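Some structures are shown below for you to check.
Paired with subunit B in one complex and with subunit C in the other, subunit A is shared by the two complexes that follow.
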Partner chain A sequence: MKSFVVARDLLREAASRRWFLALGLGITLMLVVMGLSLRMDVVDGALAATRLFGKSMNTQIRAADVALRPAFVASSYLIFYGGLLFGVVACADFGPSLLAPGRIEHLLSLPVRRFELVVGTFLGVLALALLGALYGAGGLVLIFGVKTGVFSGRLIVSALLASVTFSAIYGAMLTVAIAARSAALSAASGGALVLLGIVAGERERIAEFFDSGISRTIFRGLTLFLPRVSSLARSAGEIAGSEPVDPAALTSMLLGLVVFGLAALSLGIHLFERKDF
Partner chain B sequence: MRRVAWLVAFAALLGLSAFLMSRGDKPKKPERVLKAEFPRHPRDWEEERNRKRRTLPPAAPRPGEDEGIQRKRDPLLVALPVEKGKSSVVFEVAALKESPIGQIWLDCMLEEQAENKRRGRGRDDFKERFGIDLLQDVERIAMSSSKVAVLSVAQGAGRFDKSGWPKRTFGEKGAIWEDTEGRSVFATWGDELVLAGVDVKEIEAAIARLESKSPPQAPPIPDWSAYGDIYGVLSPEELADMLPEEQGEIAARIRAAIDRVDLHVDTSEDVAIVADVNGSNMDDVTDLAKSMGAALSLARAGAEDQGDDRLRELLDYATIKPRDGRFTVDVALPLEVLKQMGPCRKRDAAPSSSQ
Partner chain C sequence: MLAIEARGLRKTYGGGWPRGAGREALAGLDLSVDEGAAFGLIGLNGAGKTTFIKSLLGVVRPSAGVVRVLGKDPEDPTARAQVGYLPERLFLPHAFTPVQFLASVARLKGLPRADDEVRRQIGRVGLSGEEGRRIGGFSKGMRQRLGLAAALLGGPMLLVLDEPTDGVDPLGRAEIRRILAEERARGATLFLNSHLLSETERVCDRIGILSGGRLLREGPIETLCGSETRYRVRLAPPFDSAALAALGFRAGDGEGAFVVDAPDPTALNDLLDQARRTGARLVGLTHDVRDLEDVLAEALGQGREQGHA
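The block that comes next holds the complex of A and B.
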């Protein structure tokens, strides 16, 4: 319960930061501009014409939900990778600021257990990621829905997938921040994890480029523990684009990602518990 | 112990996460990407092929036309009925036979052949009687809604002497065999064209067109439109008649606004169909394009509601592209869907019907 209080404090802190104000304003501005400049002519469910800033963009007539698929897929990838990169940079400072001299002593003097502080920070960032993704994706769904009558929740599901992926990566970032008390190192670890995760998502295909034997085994071993970022981004795109996904594989990967976040968090708590402030 | 507990949890959870994530690692079987090349203009090899097919000497020029611009003509296209309001479609049999869908359907047809042979209407029986192997000897088949078919065949393949039907000559190079009961007429023109129909007058008119020296009427399928594996022209009236009753409004607008519909089909991968719809009134044609787009969208929504995934998937790939007072209807038919249609449908349907 006390973790939620810590998470709420983190959200308050985020609200006062320029990064997040800029993100909120940026998303709002994009949605408003799209809402005002996009004109879609829909006849009985068929998208007959699209104009952006008065310029004709689409001359084909086809079912509106089919015509919107590429837009949803592009939005999904933008939300996924854009959200990951923004989150890695903007959230890197939360861990070190928690441990800042003066603040940590104050926090530890409160009736809050150490692991609750770490879990609260993690939950706060998770909530932040969810709010950002849902605001962006929900806004887009609303705009397209009002203009075409196609209200598809698939983009929101896809955005949720991006949030879960970021929160797992943030678990590792928080652990690095606890170990090194450095926002730069925390951001670097997040960035590295995203890049390695892109590789890990393609590990089966990349492994074929290694000679069978020790080098392939080492590659497989190293990538076995990494979150499959690119696989999840692809699945998010497929969900947004109404393409078929393998539900068993996606569920397994998603559970693995959540457990990876919890594992990173456990290591962070272990390090935090051992720290002497 | 409590301090070590988090470390143990870390190790255990990391192992569990690796296990769970690796279960989703199996490389996804790549989705077959739709490969449909929409035929929008003749390719170089088609133009070269068409040039070789123009073996009929030029007709006399129309009044005011310069004789120098007259060129040879494709006899198969010239033989087609020129009556207005009729549709004509040419099937490039050789290309269709080699196409992926052609191969699949051919397999099904050959399976059926044994059954047909027992009934005395198999391919071998047809060859025995009329001398034409429908799969080997025919290069092109042109069908007209005037109930005339024109076949471009291998030299000397059309021999109807064994049919037992009375033969008479017509024109310089024509020979006509008429069923004694008057139900069918076959004719040959030279050694490269076979004509078939039910009305002997239509067949005679076709031969007359081939041998006429007077200025010709424009053929239903112009030379420039002879591209794709199937091509032709659909009359607005017949197209409108094909629509179901509930699409009566669109049918009426097709009759009123459309002059002609040029059809081109490519079967080299998945089947891609392009229908160029032309009309004289730009506004009417644009309105019709929107109405047809809406009808396709509603049909797709209906298929989705009824759980008809096959129809929904087909309609997913249907688009309408309006431009300059005309519009194009593009439809892609995935091989996977077509496999269950055509001659293969009977084979696939057989087990379920027996159940």
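The block that comes next holds the complex of A and C.
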């Protein structure tokens, strides 16, 4: 499928962009600093002492896996929201770049179907999000694992959830980019979706502030189809922190996310198929 | 078989409520280009040349009419697999090397194991030794050559080239002309859009003049530019200008240059015999061929008159 060629080219292009070079360097630097400056003493499976830059960080002696949970939860939230914001800003230009004059005519003159270009761009960004999340989360898991002997894949699962959430939002960003050919509008739509998604994640609680009746119904209707960003972030934190997760609720949110992402992408493909360049 | 066929092709941009009637870029264009021909499309800016080229490639969907490329719908990927296209302003990824860029184009063209073909085309367009350099550091001419290499990948049967020599130095232009001649000899059809009329004249054997989305004139270059009944004559001095003028010889550009009209070879020979009898000696004789620029100006002038009428 030609979409994979487009996705591969997007990854190569991303590797030369300052934003992604900075992200790669930033994650690497953080992992190196953590690796060199964090000291954890484990005795019989319990975390006896933790020192960061030589300064003691905790006094309680707890099982190492239990002691690491707050760190994993904090990392999960950082990866989730940090990743979303970074992705919204750094990936906003991929759509308009695909549609740049002189590039899109050339691509469309090749034996490639139009939808393959859109799907390829989406897959490239999905791969980028997965690679970034896996590198950051995998690095942290490795560092904590080496230092404590506790290797847990939960933070990686949590990071994958963040990637999937971003991909659904990117589907809508790509559609806006196709309609408007603007990186700024694409980024603005992504930022707005993250904020609205935070609201949508708390829709049941926020709905209480509206009078019962038409205004509450309108609010519920408007937030019904939005990705539940804050709820997903919470679930990602719970997964990372080995806390119980409601599988039915998580499955429902993930299904909603997939439907939202696919619907946005389908609309983008529909617009792209009808567009003259 | 026809390489390009357009019948009643119309394209209107915009339009509809509340924007009004829209802008008509193609207004019922009819054009056929035989396989193996070298066709040049000329016209002023805004004549509809780029819109027509984009219609050939499925980049723009016509509002009405039919367009076929190598006998197929341009939307059909199997038709586009046989087309090589060089856009006027090709956007090239700065971070890629020429090899990476062409390898990507080859993959999108569905060419398996194209490494040798990529290197061959790089050498052919004169970019050997630049394989490992990033495209971001390339000059305009080098980018143009790379774009041509991308169009040539896979040996397409139709080459659609929009300003192929733009930004290329004179020697480079000659090289590109040589490559295009090779492609033609291979059996490929050339469709050229260029503002450089001299380039079009040198490469193409058929010309179409486009204005206001319509084809004003189309035909072999000799027919459009040449005259069957007008000749350029060069005479060695001394000659009697007054006597020659009386025979119908009009002074041309330069010493001893004249233009004369003769309806057939017999009449021409009679006129030359009469001129020689006045003491003139013939040293040169050619058909009177006009500049493509003159033909374009004339066609556009007639087009305007028809428009006013």
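Rule of thumb we're sticking to: the second predicted complex is superposed on the first by the 277 of 277 C-alpha atoms of A that agree within 3 Å, B and C clash if a C-alpha of one lies under 4 Å from a C-alpha of the other, contacts with A are read in each partner's own complex, and residues count from 1 in each chain.
Everything that follows uses one rule, which is that a contact is a pair of C-beta atoms (placed from the backbone, for glycine too) under 8 Å apart; a residue touches a chain by one contact, two chains touch by 3 or more.
If you're wondering where the values come from, they're calculated on a predicted model, not measured in any experiment.
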| item | value |
| --- | --- |
| Touching partner for A:Val112 - first (subunit B), second (subunit C), both, neither | second |
| Most subunit A residues touched (candidates subunit B, subunit C) | B |
| Which of subunit B and subunit C A:Phe53 touches, first, second, both or neither | neither |
| Touching partner for A:Arg103 - first (subunit B), second (subunit C), both, neither | second |
| Subunit B versus subunit C as contact partner of A:Asp276, first or second or both or neither | second |
| First, second, both or neither for A:Asp9, with subunit B first and subunit C second | second |
| Contacts of A:Trp19 with subunit B and subunit C, given as first, second, both or neither | neither |
| Contacts of A:Arg205 with subunit B and subunit C, given as first, second, both or neither | first |
| Which of subunit B and subunit C A:Phe151 touches, first, second, both or neither | neither |
| Doubly contacted residues of subunit A, that is, touched by subunit B and again by subunit C | 274 |
| Complex contact set, residues of subunit B against subunit A | 2-3, 6-7, 9-10, 13-14, 16-28, 31, 289-298, 300-301, 315-316, 318-323 |
| Contact footprint of subunit A on subunit C as seen in their complex | 13, 54, 57-61, 77-78, 80-81, 83, 85, 87-91, 93-96, 100, 104-105, 107-110, 150, 160 |
| Residues on subunit A engaged by subunit C in the complex (per definition of touch) | 2, 5-6, 8-9, 12-13, 15-16, 100-113, 274, 276-277 |
| Residue ranges of subunit A in contact with subunit B within the complex | 43-46, 48, 59-64, 66, 115, 203-205, 224-225, 227-228, 231, 243-244, 246, 248-250, 252-253, 255-257, 259-260, 262-264, 266-267, 269-270, 273-274 |
